Amino acid sequence: MKDKIAENILLLIAFSAILSLLLITFFIFQQGIPLIFKTGLHNFFSISWSPTKGGFGILSMIIGSLMVTAGALVVGIPFGLACAVFLAEFSSPTIQKTLKPIIELLAGIPSVVYGFIGIVILVPFIRETFGGPGFSVLAASIILGIMILPTIVSISYDSLLAVPNTYREGSYALGATKWQTVRMLLLHAARSGIVAGIILGMGRAIGETMAVIMIAGNALKIPGSLLDSVRTLTSTIALELGYAAGDHRAALFACGSILFIIIIILNIVAIRVTGRK
Amino acid sequence: MTFRIGPRTSQIIAYILLLVMTSITVIVLFFIIVYIFNHGIGQLSLEFLTDRTREMGKEGGIFPSIIGTLLVTMFAIAVATPLGVGSAVYLVEYTRGGLIRRIISFGADCLAGVPSIIFGLFGFIFFVIKLNLGWSIISGGLTLAVMILPTVIRTAEEAIKAVPHTYREISYSLGGGKLDTIVKVVLPTSLPGILTGIILGIGRAVGETAAVIFTAGSALGIPTSLFSSTRTLAVHFYILAREGISMPKAYGTATVLIIIILAVNFIAYRLMHRFIARYY
Amino acid sequence: MIKVAIQNLNLFYDTVQALKNISLDIQNNEIFGVIGPANSGKSSLLRAINRLYEIDYARMTGRILLDGEDIFNLPVNDLRRRVGLIFATPVVLPGSVYKNISYGPKLHNTFKKNELDERVSTALHAANLWDEVKDRLWDSASTLSGGQQQRLCIARTLAMDPEVIMMDEPCSGLDPVSTTKIEATMLELKKQYTFILVTNNTKQAARIADRTAFFLSGELIEVDISKTIFTSPRDQRTDDYIRGRFG
């Protein structure tokens, strides 16, 4: 009796996560999707964003988001994989135990702190070295690349560790060096985890807001080079939500809807790839 | 004919390359922390921590933001803990495979990947506007609760799974019911692991900006009730830095933030290791 | 007098049938031995009697009676209090010796402090452990030796005031001295309790069991007075097993 009641209460509680997800989906879409159709798909995916005058084209922001995300991956993937491989295959247990939490600590540092470091160090450095405003695709890519490192390292490291030791022994027995084993066997065996890590890192990069606002410059145009200022979907939402009203606010939720759809697709792909049940 | 590098040489080159790249990553991390501390430690003083914020943050301290952060975070934890631990208990103790388990897991996994600005949008439209809670500690706390829920669920789930099955058998064979077993054996045994998840949740909540700025607002006064708008440390720091109000104060605030994050991570790490040492 | 009556018992784990049409009577105040090779269904038999198989999501058909009453008519908690189970590997719960022993009683009743103290000490005395742990009641139970831990598990079961005590290879991990201590304890306690002893060690069954049943692949091959089973079994397979020809 007591057990039955407890079970039912727990069942109800257990649905809190999925219920939250449904509520989020419902409200973001309910607020945003109607405006997309009102504006027309053609206009919505154009480059003219002048929300106070009824122009709701988000193309430049989508391109902006994709550019900084791609940039983040260019920085994050090699460093992330290098760390994961070094930790999993080339270091002693003591080094693993020390370095893993240190790298995970990177994930704990608030994104505003990354943005701040970008403002005070990276942006001036880019301005002085390469010219331009400094607030740029390049700055955002580097900072986002650092921010997604822990995601890539953690998941890749775990999937490398999950490769059975018999594989390594078999490979060494054939006379392969450690590096050959990593390159030809382990990376292949652990690829689903590595891919999942990269996809989740991609999700983090495309969804990151505060750090990007602080260092990307936020100019409303499609950037012509890495040194140009750029504005993403997320920064538009955060910059304008404070004062937006009516259709303008709806347009920000429309940006949110697009972002949300991208993220959910990435998540589903990542969950699929790892085959997690 | 192409030039070929021997396996020994390529092994050495690869090792050096990996070592260098890993070192760079670690150095970047230390650099960030040291750089902030270097500029911010000098700002820390009792006044800075206990003084009201004056002239938008140009003068005075960060006391209101400390209180704001504390209240919003505590509210979030108070909501997320029962939901998260309850979900985890249900997942491990009451389902084995099956559709329900897959749905709940999927929900938690997807929620974990949702970016904080989406939580901000959702909290703004749902808690602030539809439920008419306004920019308040409650709205901010609820939004953060939803955001950290997956962390709490996943960590608690792992911890509960790690409780040896034999403990449950013993409890049942002594005539304990399912609830007795969960409350008296499973939860106490998995407590350090569960706490780790909650503490990691605290860390995320304290460092969050996008999800709280549109739900708890950015009022600078000391909150008088749970319906007051408040400005958390992270939001305060963001405003100081972005609007260039005061760099010294920004460094000071960032130092406080990082100290909290380091402490939280350290505690979580220690707890986790004590737990792992005992049960894995 | 029949304490536990098992009638046409079948037990299934998913598609695997662990017990096949078992019928058995276990008498009051006897030590009933159960022998057989690995996977013969011995442990499943115990888990059926106290319905512990339910937590493994297994399925059972047939009837089991405790004092003539169908175990499915009893509240499961009460059934498990009356029918204790000791596992092969001693598992102590996290916490002190005292907490381990008092866990069972506290599940079923509320006690005053002194009543609970009394129960704990009685149980420890009965399990022949009191002298060794009386000064360490508040130490973590995991600091005890293996043999002490197994006697702690026996005391933990005794503290619930059971009627039947089932043991699943209770001495398999213990040294001969500890084994002797536990066997002596059982012989003393059988005046008050009924024992079902599953054992890998045929000599142990021969030493202390009044009657013994031989199981093979989920079937009950034969059951008889231990002396008869171990000297002149009726079934060739029993004879083979006892003489160590397989299993």
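For reference, chains read A, B and C in written order, and residue numbers begin at 1 within each chain.
Rule of thumb we're sticking to: a contact is a pair of C-beta atoms (placed from the backbone, for glycine too) under 8 Å apart; a residue touches a chain by one contact, two chains touch by 3 or more.
If you're wondering where the values come from, they're calculated on a predicted model, not measured in any experiment.
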| item | value |
| --- | --- |
| Arrangement of touching chains [line / ring / star / complete / other] | line |
| Label of the chain whose CA centroid is most distant from the centroid of chain B | C |
| Chain occupying the middle, per Cα centroid | B |
| For chain A paired with chain C, centre-to-centre distance based on mean C-alpha positions, whole Å | 56 |
| Chain A and chain B: spacing of chain centres that average the CA atoms, whole Å | 17 |
| Intercentroid distance (Cα basis), chain C paired with chain B, Å | 47 |
| Residue list for chain B, restricted to those that touch at least two other chains | 177 |
| Contact set on chain C toward chain B in their complex | 50, 52, 55, 57, 76-81, 84-85, 87, 89, 91, 93-94, 103-104, 107-108, 153, 156-157, 160 |
| Chain B-touching residues of chain A, taken from the complex the two chains share | 2-3, 6-7, 9-11, 13-21, 23-24, 27-28, 31, 78-79, 82-83, 85-87, 90, 99, 101-106, 108-117, 119-121, 146, 149, 153, 176-180, 182-183, 200, 203-204, 206-210, 213-214, 234, 237-238, 241-242, 252-253, 256, 259-260, 263-264, 266-268, 270-271, 276-277 |
| Touch list for chain B against partner chain C, complex | 96, 164, 166-177, 180, 184-185, 188-189 |
| Contacting residues of chain B [partner chain A, same complex] | 7-8, 10-11, 14-15, 17-19, 21-22, 24-26, 28-29, 32-33, 35-36, 82-83, 86-87, 89-91, 94, 97, 100-111, 113-122, 124-126, 130, 146, 149-150, 153, 177-179, 182, 203-204, 206-210, 213-214, 234, 237-238, 241-242, 247, 250, 254, 257-258, 261-262, 264-265, 269 |
